[in-house]
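Next come two complexes built around chain A: one with chain B, the other with chain C.
Up next, the complex of A and B:
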């Protein structure tokens, strides 16, 4: 799941796909992804993993890194 | 908020609160103090708060217990919105009907102009919508009625937020015993004094100096009018951030942590960032309960980039009041977000093709452009904005000075934001500062005393 999310985020949201990001990179607070991108990410997660993550969970506190995303996805 | 009632209730309840041994008893005391505060402000508001609390708690219980609960959720949100529309927007709608009746000259007229907006209603309505939605999404449990009543009525944040979530406050209410910490008292009182200072010393005096220009711009030079526009940007920020400091500080005195509402918004380098730093509790609400659900309706790019931000921010504008100036202000920001997002998408595409060679240019104009955009938005937000805009932008002098100020901001932008951040980081607070600031606040309090701008919403 981590690798899949990493690939999606790198391909879809990064200005420069060669930017180095990993599972611990702070994506929201680091300014890599914004609310518009998070809407696409929410839809992607629902489509790929069958989990609908409520918006209040998609925040810089709980959804900032890919590791945190995986944890949240597993909670739902 | 800066009233004898507020500080008397704050002082008395604070002493009793820390004398009580159990958190349950403390919560009951806080609820009683909060209800007394609301009753002293406005009897009607107390009735509305109690009625809405009962309604939403019942709905929350039903959502939690029923398997097929979508209709209860919808019904609950409609009920809350209906109360908001009734008190906040019916006067406006009745005005429209009145005009229609005058035009027809047939039907008997009725007037609801004098229907008073219960204090804090806009904030409670949003808190309750988030409560019902979070139960629906299984993010929270309904909690006890006593805790929910305290969540809705907590007097430190009652008048103008922050629009705190039940999910964050309820665990604090349910703690067996919030420990007494001297640091909480120190930090809380410091925040209150800083808030008073922002409001009484900066915002009110700034408002005093610029209000003459705003009320009659044509009597002044366009340059002064432009300064008054920037002045209002700082007045409304200092006024509301001052209020938020008092609310957060007063909550902290009881050991309660309330979310921050501002994070140096005028240092934002794009409009999206501005909204992550300005009235954070409202923009979080708009994002979670309006922007995301609207975005899910269609994956069409035109809908997502063109319509959703404008609708969401238009509603955000209308939340401030039933007035076209708020709607225009919201749409202005919605369009800003929309254009910024389209620009981001283009940048991404160009970046992939290694064609983007304008980064240095964009970096230079990012901060001044954002600041100017937000400042111009306040033109619509504040009454009499149109004459002011006409006076500045329909004259050669005004336009020239706007351009010069933009160039000046580009120059200042090279070092000013970093300098301000550095100064902020270097300040080492001493207890004596709190006393000095309080003294200045007391002097200013007798000179000027105006209501908080956001308490009217």
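Up next, the complex of A and C:
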């Protein structure tokens, strides 16, 4: 799941393919993803993993790293 | 007293954090009319200095143009200072209807509605016109006012990579089952100065039956052969469903804005847009003076032609000197330094050489994309631009920046 999210985020959000990110990179507070783009992440998770994460659980704090995302996805 | 010591401490802490992270915005105090040269007091308390202004949106030099000032005086004499009413009670005057009709004719649209600012216009449009069955697909670099406007809407949202038409197509395919699809973009992007690919956007919109919204605040008055905006440049006049723009930049620079577009959409905004219904009618001086500005623009393209020539010269001068300049065809010319600290030092060095330009860094622009944004005005003389160029080169030589790559600039030890 981590690898899949990493690939999606790299493809969907990063303009520079050489940007180094991993599961611990702070994506929102680090400026790689605009918090407003979380909606596309939410629909990707629903599409790919069949999990509907309620919007209040997806915040700039709770979804800052891929590790955090995986933890939340696994709760559903 | 409701503002307790505990609360005071809380807000002081927030301010301290902003200061410590280097994001506290210190305003430069100007003691002058807006123009190519301005008397600036900075930091507050210091002596005033006359600087070449390379950071205003006064693209056509109309902010302090004698004919514009005269028109504003006449408007004050004829219609007074304020209207003390919203439009639908007793704030609609013939001058508002005239300006709306003039703007529709200028932009090549069916109807126009005025707002107190373009921020208000963008805050109103998506909430009023879209419901849950709609999807807003926006360019990732749209202006903050559009982002706030989209947040207010019940419609769903998705975004595409900046000006990436392949990505936009993917998003349109993904959301093709939605009742209403609207593609949202700036005409000229304010931080990068590049122009949206409106011809391709319109083509995609036709293919997927989507609406197109363009914020042309950094284009109206000077982009395109007769200054109608980015839709004129891209040859898609009449094909943009909604255009928002401001009178606070090239069109005299006071304040006020509008949404212009399809009759039914504008009419619905007039009925339901909250920033329109619940804020004052545009002041008479701004309303009548904006009509005068349109007269000036329609009588001659001299100012926009001069701006175009100067912007081309300035862009070329910086590129040839070895700076990394974002490619584009607008008078917004960002000089990429990538390194946030370097942009702050560079802006201070410019100030010391009597050139006024500001550094932009995260969170205003993405991480590692720090830049000095320069803006050319028709009011600049060739001498102004030559002096500014010399200052840029002198500073770059002092810090050995010319010809350096992005990685080298980011790794500079300062």
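One rule holds for everything that comes next: the second predicted complex is superposed on the first by the 74 of 76 C-alpha atoms of A that agree within 3 Å, B and C clash if a C-alpha of one lies under 4 Å from a C-alpha of the other, contacts with A are read in each partner's own complex, and residues count from 1 in each chain.
By definition in this document, contacts are C-beta pairs under 8 Å (C-beta built on N, C-alpha and C of every residue); 3 or more make two chains touch, one makes a residue touch a chain.
Quantities reported herein were computed from a predicted structural model and do not represent experimental measurements.
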item	value
Which superposed partner A:68 touches (first chain B, second chain C, both, neither)	neither
Which of chain B and chain C A:32 touches, first, second, both or neither	second
First (chain B), second (chain C), both or neither touched by A:42	first
First, second, both or neither for A:15, with chain B first and chain C second	both
Touching partner for A:55 - first (chain B), second (chain C), both, neither	first
Greater residue coverage of chain A in the superposed arrangement, chain B or chain C	B
Shared chain A contacts, counted only where both chain B and chain C touch the same residue	13, 15, 31, 34, 36, 39, 43
Parts of chain A lying in touch with chain B, wherever the complex brings them together	13-17, 31, 34-36, 39, 42-43, 54-59
Chain A to chain C touching residues, read off their complex	12-13, 15, 30-32, 34, 36-37, 39-40, 43
Residue ranges of chain B touching chain A (in the complex, touch as defined)	130, 133-134, 137, 139, 165, 167, 272-273, 284, 287-289, 291-293, 295-296, 299, 304-305, 341, 344, 347-348, 351-352
Partner chain A, residues of chain C touching it in the complex	140, 147, 150-151, 156-159, 161-162, 362-363, 366-367
